[in-house]
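Okay, so chain A shows up in both of these, paired with chain B first and chain C after.
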Partner chain A sequence: MSNLDFVAEGKPADWVPLGETQTVVDPMEMFFKLPRKTEFITGSEAARESIRRMNVDVAIAYPITPQSETMQQAGYLYDEGYIKDFYRGEEEIGVMSACAGASRAGVRTLTATSGPGLMRGMEAISSWPGARVPMILMDMCRVINTPLAIQPDNIEMSFMLNTGMLLLHAEDQQDFYDYPLVAAIVSEKVDVTLPCAVSVDGFFVTHARGQVSMTPKEYKLPPRDGWASAVPAMDNENPPARLSRDAPIQKSNFISYHMHSSWQQEVFAAVERSAKYFDKYLDGCIEIVNPDADEFLVASGAAVSQSREAVRQEGEQGRKVGMIKIKTIRPWPMRQLIAALKNAKRILVPEFNQAGWLHKELCSTLYGRTTGTMIGGPRVYGGMTMPTEMILEWLADARKKQL
Partner chain B sequence: MSIKRYNVRMAGIGGQGVVTASHILSNGVVISGGHSSLVPFFGSEKRNAPVESYVRISSEVIYEIGEIIFPNVIMIFHPSVITLGKSYTMPFYTGLKQDGIIIINSRTPIPFSKDEEREMADVGAKVYYLPATEIANEVAKTELATNMAMCGAVAAVFGMPDLISLAGSVKDRFVGKGVVVSGGTAALDSAIEKKFAKKQKLLEANMKTLEASYKYMIDKGWAHPDADPVKIDMAAISAC
Partner chain C sequence: MITQDNLLLNRAEPGGLGGMQFLYKVNDYGITAISKPQEEISNIHWEVDIIKYLTLKPLKFEVCHTTALATKTLKFYNDKALNEFLGKAFKYFEELDLLENMLPEKDKP
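The block that comes next holds the complex of A and B.
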C-alpha cells in the first residue's frame, strides 16, 4: 500500500506500519536463541503475539466463539501495521476460499475459526492441500454436535485427519504462541507446501491465562518467498491450477484417475516430509516424561496438562507413570510412538471428545507392536473438564482389574 | 508459602465482575511470585446470568487447566447464586473438598435446608459471611466494587497475595496493560470510567475496598496468620 492508501484509512501522512520497523530473523534464531520474556496472558493474547511476529501478509476470518477474540486482536495488529491486509469475510466458505486465493498469489496467509465454523469451511479447507496452498489455520476447538453449545470439545480435529492438512495440537498458551510461528515456516518449505492447522482446546486455553515466554516484538519471521514452492504461485500451466482445464490429462471434464491418485500420494508424502522440520523446530514431534515407566498416559492438547498433573500426583504416591505428549497429529509420529511404547504394560489415552480419535490413531499404530493393554479413556466432551482425579481413578481401576 | 495449593471456584451473576475478580486475584498471585492460572465460564454475556470463574493458586508450577470440579475454596458473589439457583453448579457446594472454605457475600446467614447443612458439615465446610456489597457501597460508594471486596477477603483468608501485589494487579487491570476479558467487560469498563471522573479515583476507591474487606476478615478471625493489613500506598503502586 502507498502512503496515500494509509492516509485514506485515517493514518497521518508520515505513518509507518510497525511491521516495517521489525527486524527479520532466521527461524532457528527466533525459536531457540532470541531472549524471551514471560508474561501472564490469555491464549487469545498469546495468539495475537504470535501473529505479531509472524510477518503475515493477509488475514481473513469470520467471527465465531471462541475464536473471535483472537481475530479481534488481529484487527488491532492490522491497525498498527503488523498485518498488511485484513478483512472479515461473509462466512466461512467464502473466507476459506479467499484464503486459498491469497495463498495462491504467493503471500503469507492466516485465518482462524472454531467448531461449526471449521465445519462450514470444510469444503474449501479440504481443497487446500491438493491445491498446495501454504497457510496457517488457527483452530480454537469447541462443540460441533447438536444441541448447540459453545464449550470446548476437540472432535472437530478428527475431520481434518485425512485431508492432507498438517495438524498440530497446542497444549497451552505457550504452545499457542510457539506453534503458529513454526507452522508458518514449515507450511512454506518447498518440499512441504501445505496448509497447517494449529488446534487448541477453546476456552480452557484461549480464555484462560497462563505463563507465556515470548521473544521481543521487534523481531519477525522472514517473509514468504512465493516462488519457493512445490507449485509456483499463480502458474496456470502447472498442476493443480491446470488440472481441470488441460485436455491431455483429463477424462471427461475432470482429471484422469492416475493423475489424481499420484497427486494424492504426493500430498500425503509431503505431509511425511514435513516431519523433519517439525522435529527440528518443535524440539521433537513428541515429548516423553518418565520414559522407563510401565504405565503411560498418551495425550494431545489440553489433556496433556491434566496428564502432567496426574503424573505428578502419582509420583507423590511413589508410583512412576509415564506420559507422552503428541505435538504433531499430522505428520503422525508413528515410529517415535512405537519406540516409546513397545514395552509399556498399560496405555491410557485421555481425550476431550466422545469418539476417541486419538485412541483410534494410536491403536492402529500399536496393533501387533506392543503387548500392553490399550485403554480408551478417560474421555470428557460437550464442554466438560477432565479433573485430574478422573485420570487417577481410571489408573487405579485399571490396576485393580489388572488390565 | 505454607500451603501448597488453593483451587478456587468463584460463582456470581453477570455484571458483578466475577471474571475480573479472578483475573485480579490470579495476577496478584503471579506478581507476588507465586503460580496461578484461571479460566472463566459463562454463557451469553448478560446481566444477572450465572457466571463462574476458576482460579488455581500454587507454590509450584501448575499443569491443570479447565474448570475446577473439586475446589477447596468457593466464593459466592451474590446470594441469588444459592437462593435462586443462579449457578452452573447445583448445589453450590458440590465438589468441595474436605475442610474447604466457603465465602458468601451476604450480611446475614442464608437459611439452608437440613440436607444442605448436613452435606456441608459432612465435608467439614467452613462458611464465612462477608457483607461485600455493603463494604463496596460504604467505602467505594458503588456496588460495582463488590468484586474488590471479595478479592480483598480471599487474599486475607489465604495470606496471599499480599495487599501490595493485589493492588498492583488492580492497577494492571484498570490503567496498566489491560487484559482481554470480553466485549461485555469492555463495555462495563467504560461505564465504570464514566462514574469516576478520573481513573485515579477509581483506583483509590478500589484499593480502599480491598483494604476494608481484608481487615474485615482479620477482625473476624478468618484470616491466615500471614495476612498483613498494610496500608496500600498509592504512590508506591503508581510506581509499579
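The block that comes next holds the complex of A and C.
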C-alpha cells in the first residue's frame, strides 16, 4: 500500500504503519526464547495479539458469531498498520475464494470464520489444499445443525478432517495465541505448502478470559517468501494475469484420474511431512499427563481443560488417571497415540459434539493395537456444558461396569 | 494481572461453562473468583464468594456468607477492583484467624 492510500484513509502523510516498526525474529526465537509477559485476556484478544505478531499481508473475512470479535480486533490492527490489507467480504464462499487468490499471489493470508460460515465456505476451503495455498484459517467453533444456535459445539471440525487441510485444536486462550503463529510458519514450509486451520471452541474460549503469556509486540515473524513454495506463486501484477492454478490442476473434466490421484497423494503426504515441524514448534503433537496410568482421558480443545481438572480430582482421591491432549488433529499423531495408549486398560474420549469424531479417529488408530476398552464419551453439544463431575461420573460408571 | 498471592489453585471453571476459577486461601478461609464467558465481552465480570475450606485433599469448601466482608455473592467489573478486594480480604482473614484462635475450644467454628 502506498502512502497515498494511508492519506485517503485519514492518516497523516508521515504516518508509519506500526508493523513496519516491528523487528523480525526467527520463529524459534519467537516461540521459545523471547521474554513473555502474562495478561488475563479473552480468546478473541489472544487471537488479536497473535495476528499482531504474525506479519500478515492480507486479512479477509465475513463476520459471524463468535468469530466477529476477533475480526473486529483485526480491523483495529489494520488501522494501526500491523496488517497490510484488510477487508470484509460479502459472504464466506467469496471470502474463501478471495483468500485463495491472495495466497496464490504469494502473500501471508489470514481469515476467520465460525460454524455455518465455515460450511458456506467449504467448497472453496476444500479446494485450498489441492491448490497448495498456505494460509491461516481461525475457526471459532459453534453449532451448525438445526435447531440452529450460536453456542459452542465443534462438529464443524469433522468436515475438515479429509480435505488435506492442516488442523490444530486450541485448548484455551494461550493456545489461541500460540497456535496461529505456529500455523503460519508450518503452513508456508516448502515441503508442506498447505493451509492450516486453528480451531477453538467458541465462547468457552473466545468470549472468556484466561491467562496468556505473550512475547513483546515489538517483534514479529519473518514475512512469507512467496517463491519458497511447493508450487510457484502466481504473478498477478504483470499481464496476462492468470485466474487459475497450473493448467493440469484446473482443467475440470479434462483432468486425468492419474493426475488427480497423484496430486491428492502428494497433498496428504505433505500433511504427514508437516508433523516434524509441529512437533518442533508445539513441543510435541500431543501432551501426556501421567503416562504410566491404566486409565486415560483423550481429548482436544476445551474438553482438555475439563479433563485436566478431572485428573487432578482423581489424584486427590489417590487414583492416577492419565490424560492425552491432542494438539494436531491433522497431521494425526498416530504413532505417538499408539505408543502412549498401548498399555491403557480404559480410554474415555470426552467431546463437545454429538458425532464423536475424535472417538472415531482414535478407534480407527487403535483398532487391533490395544486391549483396552474405548469409551466414546462423555459428549455434550449444542452449547451444553461439560462439568468435571460428568467426566468423573463416566469414569466411575466404567469402573463399576468393569468396561 | 490478577493477584497471585495466596493463590491455592486456578483451574477451568469446573461447571464447564468456560472461563476460569481462582481459589485463594488464607488460613481456613479464602475466596473463589470466577470469570465466565459473556456474549458481550464488555460484560465479562468476576463473581466472588468468601469460602471456608473444609478439607484440602480432596479440595472441599463451603460458601460463607456470614463474614463482615460479604453476605452475598459479589461482582467486580475489572481486575483492579478485584485485586483491591483481595488485598482487603487477605488482611481480614489474618485477623479473623487470630480472633477465632482466642475463642474457647468449644466455641471455635
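A few remarks follow.
The rule is simple: the second predicted complex is superposed on the first by the 384 of 403 C-alpha atoms of A that agree within 3 Å, B and C clash if a C-alpha of one lies under 4 Å from a C-alpha of the other, contacts with A are read in each partner's own complex, and residues count from 1 in each chain.
Going forward, a contact is a pair of C-beta atoms (placed from the backbone, for glycine too) under 8 Å apart; a residue touches a chain by one contact, two chains touch by 3 or more.
Source: prediction; values computed, not measured.
Overlap between chain B and chain C is detected when the two structures are superposed via chain A. After overlaying the two complexes on the shared chain, residue contacts for A:A208 are found with chain B and with chain C alike.
Of the two partner chains placed around the shared chain by superposition, neither chain B nor chain C is touched by A:T146.
In the superposition on chain A, contact of A:T23 is made with neither chain B nor chain C. Once chain A of one complex is fitted onto chain A of the other, the partner contacts of A:Q317 are limited to chain C, with no touch recorded for chain B.
With both structures placed on the common chain, the touch criterion links A:F40 to chain B and to chain C.
Within the superposed three-chain model, A:Q402 lies out of touch with both chain B and chain C [touch as defined at top]. The clash between chain B and chain C in the superposition falls on 217-225, which is one of the stretches 109-117, 199-207 or 217-225. Overlap of the chain B and chain C contact sets on chain A: residues 40, 42, 44, 69, 152, 172, 201, 203-205, 207-211, 302, 305-306, 308-309, 312, 385-389. Residues of chain B that touch chain A in their complex: 23, 26-27, 30, 35-41, 43, 63-70, 179-180, 182. Contacts from chain A toward chain B in the complex involve residues 40-42, 44-45, 69, 73, 150, 152, 172, 201, 203-205, 207-211, 302, 305-306, 308-309, 312, 385-389.
Against chain C, the residues of chain A that register as touching in their complex are 38-40, 42, 44, 69, 152, 172, 201, 203-211, 302, 305-306, 308-309, 312-313, 316-317, 380, 385-390. Those residues of chain C that touch chain A in the shared complex are 1-2, 10-12, 14-20, 35-39, 41, 44, 57-59, 79.
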